[in-house]
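Going by the order they are written in, the chains are A, B and C; count residues from 1 in each one.
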Amino acid sequence: MSSVSVKNIIKTYNKGEVKAVNDTSFEVAKGELFGLIGPDGAGKTSIFRILTTLLLADSGTATVEGFDVVKDYKEIQNIVGYMPGRFSLYQDLTVEENLSFFATVFGTTIEDNYELIKDIYEQIKPFSSRRAGKLSGGMKQKLALCCALIHKPKVLFLDEPTTGVDVVSRKEFWDMLGKLKKQGITIVVSTPYMDEATLCDRIALIQNGSIMSIDTPGNIINNFPKALFAAKADNIYKLLQDLRAEAEVESCYASGEYTRFTMGHGQLTTDNVKSRLIESGHKNLVIKKIIPGIEDCFIRLMNS
Amino acid sequence: MDNNRTNKSSSIEQSSTVNRQLSIECRKLTKQFGAFKAVDEISFDVEQGEIFGFLGANGAGKTTAMRILCGLSYPTSGQATVAGFDVYKQQESIKKNIGYMSQKFSLYDNLTILENIEFYGGVYGVSRPDIKTRSNKLITTLGLEKEAKKLVGELPLGWKQKLAFSVAIFHRPKIVFLDEPTGGVDPVTRRQFWDMIYEAAADGITVFVTTHYMDEAEYCNRISVMVDGRVEALDSPANLKNKFNTDTMDDVFYQLARGAKRMDN
Amino acid sequence: MKQLFAFIRKEFYHVFRDRRTLLILFGMPVAQILLFGFALSSEVKNIGVAILDNAHDVQTEQIISKIQSSSYFQIKKPALNYKEIENRFKEGEIKCAILFPANFGSDLYKTGGAQIQIIADASDPNTATTVTNYLNTIINNYQQELNPTARLSYQIIPEMRMLYNEDLNGSLNFIPGVIALIFMIVSTALTSVAVVREKELGTMEILLVSPFKPIMVLIAKAVPYLVLSLIDFIIILLLAVFFLNIEIQGSLVLIFAESILFIITCLSLGLLISNVTASQQTAMLISMMGMMLPTMLLTGFMFPLENMPKAFQWFSYIVPSKYYYTIIKGIMLKGLGFSYVWKETLILAGMASGLLFVALKNFKIRL
């Protein structure tokens, strides 16, 4: 039995005018770290709210640990941990007061479940009497995670936990998720940062309420249908424009200091392209074949 | 500083000819709140037409520094000029010569696209006929002919951000400040957004941008990384990666910011 | 039960850690009592008067000294001409001027009718009316003293007595009004804001996902503000009794019971508002405009209802504070018992249970 199961969920707002979730289905296995990857407005939050019983879907069914999200919402409330996207704790309560409040609300105590949150809580324990509003972004996030874990949930739903947080805190946060996964907790996490996708067991790439692809990050990358090239020259912007002007270049977009492109089905090779670019005055031109990332796959899927 | 200058000339290449003009000049710029140094003696130069990435961990002092450079707050000590104007004495002139766009506040949702453009054009004193011709051109370039009379609130996020950027450079400022302009936007739109930034830079507008996306940092000609109020690194992305012996900016940032002691808020 | 207790404790943390809330809670009642009690009271004292006495005879001197001895008036330096009076009005030095024509005294005795002109600054009509009334009384008194024996056979001398507030102590009527206002602020505005804040923070989502019952959330929000309202109530009563020297006529138990009933009405309103709003500002605005304004305007404690347009008078019947105001005024100032206010109490109870029912019914367990 899978831990989370979503079947043909449709959710619209404004009387059908806005389609937030468009006939979406997916399964998350027990103990899996599953990522919903997509930009704002892709429908991630709606899916989370449906699964945490906060929203009713227009049609379709969903279960969490075998419980129906509509009928058995009371059972689900006992077994899921949820960190909403805009969750920011009670700013005027201390770290400890926040945690003990949420523990009580869930009918438990900090002591009872200390084992599970120990690793994370130890990091913020020195600040336990500080008000949550005075914590850094990274620490707030750790505290929020502790609050979501305090009742030993079987399934953890994290809606964009790393948005707006700096790289260091993001790294630490994903390390923590890895550890939680080892304890057997199913984790469903959403993120707009494509580079975080590879840290998940399986991911769903989601855009405009529809899942474009769902697989392990490795498979999604392997399924990239073309060879991907990266080009670099002194003048990035001109390179981008010149590559786009090439008939043989199928798609082309900037990515870091390199410009990435794929070739069409014509006869010309990248060598031909290279010599033409050098002719048109590009200096220090480098073209190399690279392994695509999730973002390249996402862009390709969006454009197809 | 000199070291940075030479590195830069290899990374900004567009028609590098005569002495480039400095767009932003910072010397030991400091902002102190009581005993707390939010910005601690930062010094850097940004050249005209450069895309300058301004990175830092949460709470490193980015926002405070940016507010000073935008003429919104006074530094405690140090010097800085923006577009040639002094941050102490010529705040009003600075404001006239810069554009600003942030993820949080960009456009009025309950005004139409045209009304937004007209409003901002008017605020910056663009003449009526100019507003008309430029907004027509802008709407055509963005491909928003059909949507021009629609409320901005009805546009998808990506469109809003692109429009907000266009509005921020509508009065042809010398410098545009972008505060996390692409947060939450899909990768294709983000790319289109960066195309627009490149175009603006090629037109000679200096772009000063903050971001949490490390791949975006690599689009910049040069980037600075702030840690605990100080500029800990400043160079081209390629040079930084070399220096820190890694192949991702992510890792550069991690190595720099890992030791940060400060918290935000 | 333990959960509820933890929740209520958390609410008190919120209150006691927020200086603004504390100021509203405890600064506001004190400030309002002082404001209404002293500054805004409808009685007049030390009104500046200028006198242009063209007669300078015994009679005018006598009248002037009578005016002078009254605590209501403060006689400024005599005026020399009409023009000067006008200027002094404009400068705000005086609110009233009295003109005696030449030959005032001789006119009084020879023709049996002397004239006196009283000019009042009617830019504040309430004060102007009061001032002229006082002056009338003083002059009439003087007239009576002049001819104590003259008995006009048909003269009617109205004897006015201000019932329930013999000293015309204006602050008295304000007390029940201020109490109603404070309950509106604490129980309606603060409660609705407290609930909506959780929505804004995103903590409401967690609470709804938790096994904690939604009804409990509402109860936990309401209890602290019920307690705080009662504390405010006691503060106001103490201030009224010891500071404004007001005597509470009726039964204290009855006053408390009726107040709790009204607080419950206010709390239900607050919860109802929080159900339909998503931001703290909206909640505050609705509480202010929708609840506090009618309390000030339509209960009759600041402006007499009888003078309002009919539509307003009809509308006042659905304003709960109107009934509470009537009840408390009756018990506190007139010493009435329950038998006199049962009708209002019943209406209030009906409103309370109706509002509470709608509020609970409307509380969404989903977003």
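Simple rule for what comes next: contacts are C-beta pairs under 8 Å (C-beta built on N, C-alpha and C of every residue); 3 or more make two chains touch, one makes a residue touch a chain.
Predicted model, so just to flag it, every value in this text is computed and none were measured.
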{"item": "Distance-maximising chain from subunit B - centres being C-alpha averages", "value": "C"}
{"item": "Of A-C and A-B, whichever chain pair has more C-beta contact pairs", "value": "A-B"}
{"item": "Centre distance in Å when subunit B and subunit C are each reduced to the mean of their C-alpha atoms", "value": "56"}
{"item": "Computed distance of Cα centres, subunit C from subunit A, in Å", "value": "58"}
{"item": "Separation of subunit A from subunit B, taking each centre as the mean of its C-alpha atoms, in whole Å", "value": "26"}
{"item": "Subunit C-facing residues of subunit A, complex", "value": "49, 52-56, 74, 77-78, 80, 82, 84-93, 97, 100-102, 104-107, 131, 147-148"}
{"item": "Contact set on subunit B toward subunit A in their complex", "value": "10, 13-14, 56-59, 156-158, 183-189, 191, 194-195, 198-199, 201-202, 212-215, 218-219, 237-238, 249-250, 253-254, 257-258, 260, 262-265"}
{"item": "Footprint of subunit A on subunit C - complex, ascending", "value": "2-3, 6-7, 10, 13-14, 17-18, 201-203, 205-212, 366-367"}
{"item": "Subunit B-touching residues of subunit A, taken from the complex the two chains share", "value": "38-42, 133-139, 163-169, 171, 192-195, 207, 234-238, 240, 253-257, 283, 295, 298-299, 302-303"}
